[in-house]
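Across the two complexes that follow, chain A remains constant while its partner is chain B and subsequently chain C.
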Partner chain A sequence: MGGKKSGHGGAKAWLYLLPALLFLGAFMVYPLFDVFVYSFEEGYHSASQTYFGIGAYNYSYVLHDTYFLQAVKNTLILVVITVPLSTGIALLISVGLSSITPLRNLFQTIYFLPYVTNTLAVGLVFMVLFKKTAYSDGLINLILTWFGGTAVDFIDGPYWAKMFVLCFYTIWVVMPFKILILTSALASVNQQYYNAARVDGTSRFRTFTRITLPMISPMIFYLIITGFIGAFKAYSDVVALFGTNLNAAGMNTIVGYVYDMLYGDSGGYPSYASAAAIILFFIVLTITCVNLIFSKKNIHYT
Partner chain B sequence: MEIVLQNLTKKFPGRGRKNHQEVIAVSDFSFKIPDGMLIGLLGPSGCGKSTTLNLISGLQKPTSGKIFFGADDVTDLQPENRGIGLVFQNYALYPHLTVRQNILFPLENLKGKDKLSKQVMMEKAQEAAKLVQIEELMDRKPGELSGGQQQRVAIARALVKMPRVLLLDEPLSNLDARLRLQTREEIRRIQRETGITTIFVTHDQEEAMSISDMIVVMNAGVVQQIGKPQEVYDNPENLFVAKFLGTPPINVFEGRIEGHKLYIGADAVLDIFAPGKSGEASETDVAPDKRKGPGNGEVYVGVRPEGFSLEETGPLCCVFGGVEVMGRDITVISAHSACQSPKIRAIISADYRKGIERLYSADGFADKSHIRFSLLPEKVFLFDKMTGKRIAFAASMEKGKGN
Partner chain C sequence: MENRIDYEKIEKRTETRKKIGNVATYALLLFWAVIVLFPFYWMILTSLKSYGAYNSEYIPKFYTLSPTLQNYVDAFTTVSLGQYLVNTVIFTVVTTALMLVVITLAAFAFARLEFRGKNLLFVLFLSLMMIPNELVIITNFVTITDLNMRNTFQGLILPSVTSVFYIYLLKENFEQIPDSLYYAAKVDGTSDLKYLMKVMIPISKPTLITITILKVIECWNSYVWPRLITDDERYFLVSNGIQEIRENGFGRENIPAMMAAVVVISVPLILLFLIFRRKVMAGVARGGTKG
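And then the complex of A and B:
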């Protein structure tokens, strides 16, 4: 019966899929394709919708733009620092959380709070912590000077200070989700493995490295991949901390650069924006592929 | 290694508002397990047998009581210092390690003066693998093995450190029927070859009966009976043990004793005497609470399925329900109003096949809807209605009253 009707059923299936496909096509596939096309149209003018020719000039321009190079540098530093650090700290906290019984729920709630807090509100809190104003140097500077250090302007000051704030903020913001995932991953490891290890006299450290880590490795891998992608997409956090004029602050990110090229004060260049977006796409693609190759060897799916 | 359990008790505190009552998982368990024996801990689920095993392994601490391995008091020792091998119900093989790495794992944990060279470890692992016959599977992952093979790996991992005691938690419950038969023989063989005192937990009485040197029947945390499998089967101390052992299960009737006769319903099935005075009449009625032999009163009558014999003039009259042919044996299914279960199962051996055939033939029983049995006294047990304790008796067969 199934065989006979398959042609008919196929047409019906497409009909049912049509609404979803229409929306996906209009809002995902077409724009993706369009960005790709834009990135090769030289001298595109959005008002007149005209361009001079087709070529790789947009890429060349973007790759020679010092603002873009600064953005790439910022993004890479952010990625390289925050992804391993946040995952590592989240793992430590999760292991700690799952080995205490009293107050575990309270701590879980506390650690999860940043996840449900508005980005801009968090940005404001960080302002209070770090920003120098006419009345105060910010909480952190207050503490620094207590201990005999000199106050640093974290928001408008030296590059490393700003980068520190950005990384600190990013780690703090992504941590709750990672803790949530890792605590549930830890809880899902069958207690019998630990009992077996105990009976065999396995040390705690060895139990962790030889049993716990491999058991939750798929989840760690998932967090690293999504962590990389998320960090490469950083933008709103940076705006929340340093305002919209990111190029001037020297704290722009790749996504920030794309946005500025489209709508910023120096904006109106969709071709440059598209080229930058495509470059970002290939960076993320490469890193994810490297991750996947690495994971084949080291991740144990059960 | 001889194992002694002394008044072992484990209580779990009540939790929360709803079940605040304390749970006594194991109650006052005393038992001396001779060296080199294979012991089956048997009972329905929730009876405390796994808890007992966990107490012996050290994964749980007893509320009171002591555990000795030989002369050593191990009650307060951590599991890793007790020298035990434990096979878990789901085997708990590390899925990311190969079979070889799994077997090596306990050896790699050894520290200090016990530390072994790589060479020795490999040899020991190979030896353990050989014992359970999985040498050709050493480089596979547990996920690539069948249930039976995983079971063997788990046993090899438990044995590789040469434990003083081997503990198996429901070792066969995850295997299919055929593999179960094979594996239980295998466990028996491995135990004989190594001579390690072994305790295994099971809810399957057949499993326990078939391979154990001794079985311990537990219910609700309390030991019901300890003994050799056949002894326990032949001489159950109480109704629970009688009901729990045997497939098909024992048939339990509401009965009563009146004037040295045992009645089931209206049928007087056996002549009853005090034990040891077979054939003689016992002293007349002693008060029920003081009686040693059976006095008058209500009792439970347990009859093993093989305790029925098909006779045209037998005293016990049942409603005929049907016949199940199970290859070697024939099960006659019938019903009786005094029986606790709706079906009475009687196993009739091949000798009685003729009788069965007559059931169907025209010249068989006059009333085809009824069937008559006489009971074999050694397969009939009487139990006190209140306590469920066995009442000893001697009996002679009640001859048929005729049809």
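And then the complex of A and C:
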């Protein structure tokens, strides 16, 4: 590129860029600065549009709010359980997929279905499957009792039962993306390495740990990072299972807390919402940086 | 002689081991397929059971002998599912169309035109990709509210008609088109806009289709922004519609009718996926995330 001097084409280029610049300016750049302004305006309320002063009170309020702490706890548990589990299971399934030929396309198509479904809509199906009502224990409880368990209400019942459904549904939802990425990563490993290993009589397990894993480690790492980011932003799948009043259900997430502060029955506090959103942003940023540092030591880039 | 027997033994052993491995692999794959498909089966099954039949099953049945379509009728008559679908189609089509125009123009400027500060501006664009939606949505909510655009299509659509990532994707694609074509067109006196329409867009059609599909999926499933910006039922999209149905429609207990609504909402995207299977999967592998 380059070489051509910027002559009269300059103005025209800006004209082509104008729509994008306008929209990005209005809905991304300006809000990005504004959210920090909000987060430092103390006592702001949407209805009156006034505030008392400037300071860090909003952060302190949010950090001492029991609902926020509950949301952080829920989100952390969700992240710690679902990211490793979903990545691990996806790896297992992808390795399985790439070792077979018949039915492979069919399986791949089936596994991808959750990606193209509406999270809210299918969440309702999970709710029906797991819910215990007065006139039916629900299907999952039926299966539980077959194996000698006792019926639990997974939707309105004890905390860990609810957390279990949430993790299960989250894994169900994020799996297609991970399987897709890992199967294409596995397919792109140079076949010569495997041939060489076979000539040397290397065992299947050793081939996997010494060739396959290092070769696809950048992709696994990519999935772990995007998995962390995605899980920290969990919200609509939680709403799908437990309804919009997440604080009452004790299942709120950080993002849910942000939206609750902004809108709805408990809403009208954009300052608290902004402070919470910024706290979330820095948590995610920190974890991504830690991941990056960790990966420098352990990932093989070719 | 002895050697040969040994070989046969080893061969047999590896053969059986391979068979066992195969069975285990298929068992695992089948297990996950069942987990993925079962919710779909259950929602279709339940949507075909009559209200009375469903509620009289203390132990849920895995089949139904008297399927009924009454729930689908209810879904369109008792609650405004039709309205939600129409709204979502309008939202999806307009948002996607506008976005395609905006990103095509921007990508063209970055890929083909020369102007001062281009590289700096592009770096700034790319850095916008790191900004999470949660951070900007608060101000956008206030902006749209102040503009009195709550419960309007403009309010729903405007914040999502640009995507830095798609501009980037398209720019990369545009840049692969040889310079010589552009200069030849210039010599012929073709205007930039005409060149964009007649040459670049047709050549980049596969990428544009991928972007369109990804955007349609995103629009069809969007929940958070529509929920913030609409509280008038007449402007609900399907995600908000289904939430509304769950909380206020049908009466809480009419699960079969709810499942009929869920089926209706899920079918369009699944059809789209089955038709464009390769395109969707390749597109998502290139630029999709979820959650």
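Operating definition for what follows: the second predicted complex is superposed on the first by the 282 of 302 C-alpha atoms of A that agree within 3 Å, B and C clash if a C-alpha of one lies under 4 Å from a C-alpha of the other, contacts with A are read in each partner's own complex, and residues count from 1 in each chain.
Definition applied: a residue touches a chain if its C-beta (ideal position, glycine included) is under 8 Å from a C-beta of that chain, and two chains touch if they have at least 3 such contacts.
Bear in mind the structure is a predicted one, so any value in this text is a computation, not a measurement.
Colleague: Based on the superposition on chain A, does the combination of chain B and chain C result in a clash or a fit?
Modeller: Aligned through their shared chain, the two binders fit side by side on chain A.
Colleague: Looking at A:214 after the superposition, I want to know if it touches chain B, chain C, both of them or none. Which is it: first, second, both, neither?
Modeller: first
Colleague: Which of the two partners, first being chain B and second being chain C, lies in contact with A:298: first, second, both, or neither?
Modeller: neither
Colleague: Looking at A:198 after the superposition, I want to know if it touches chain B, chain C, both of them or none. Which is it: first, second, both, neither?
Modeller: Once the two structures are laid over each other on A, A:198 reaches chain B alone.
Colleague: Based on the superposed arrangement, let me know which partner A:286 touches: chain B (first), chain C (second), both, or neither?
Modeller: neither
Colleague: Please tell me which partner, chain B or chain C, touches more residues of chain A.
Modeller: C
Colleague: Scan A:206 for contacts with chain B and chain C and give back first, second, both or neither.
Modeller: first
Colleague: Applying the document's definition of touch, where does A:190 land relative to chain B and chain C: first, second, both, or neither?
Modeller: Touch status of A:190: first partner only.
Colleague: On the A-aligned overlay, A:96 touches which partner chain: chain B = first, chain C = second, or both, or neither?
Modeller: A:96: touches chain C, not chain B.
Colleague: What angle, in steps of 10 degrees, lies at chain A between chain B and chain C when each chain is taken as its C-alpha centre?
Modeller: 70
Colleague: Between chain B and chain C, what is the shortest CA distance in the superposition, whole Å?
Modeller: 7
Colleague: Can you list the residues on chain B that touch chain A in the complex?
Modeller: Going through chain B, the ones touching chain A are 57-59, 78-81, 84-86, 88-90, 92, 94-97, 105-106, 109-111, 143, 157, 161.
Colleague: Where on chain A is chain B touching in the complex?
Modeller: Against chain B, chain A makes touches at 190, 192-193, 195-203, 206, 210-211, 214-215, 217, 300, 302.
Colleague: Taking the complex as given, what residues does chain A use to touch chain C?
Modeller: Per the touch definition, chain A meets chain C at residues 1-2, 4-6, 9-10, 12-14, 16-17, 19-20, 23-24, 26-32, 34-35, 38, 46, 89, 92-93, 96-97, 99-100, 103, 107-122, 124-126, 128-129, 133, 135-139, 142, 170, 172-177, 180-181, 184, 204, 226, 229-231, 233-237, 239, 243-244, 255, 258-259, 262-263, 270, 273-274, 277-278, 280-281, 284.
Colleague: Could you pull out which chain C residues touch chain A in their complex?
Modeller: Result: residues 21-22, 25-26, 28-29, 32-33, 35-37, 39-40, 42-43, 46, 55, 57-60, 101-103, 105-106, 108-110, 113-116, 118, 121, 125, 128, 131-132, 134-143, 145, 158-159, 161-162, 164, 167, 175, 192, 217, 220-221, 223-224, 227-228, 238-239, 242-243, 246-247, 253, 255, 258-259, 261-262, 265-266, 269-270, 272-274, 277, 280-281, 284-285, 288-291 of chain C touch chain A.
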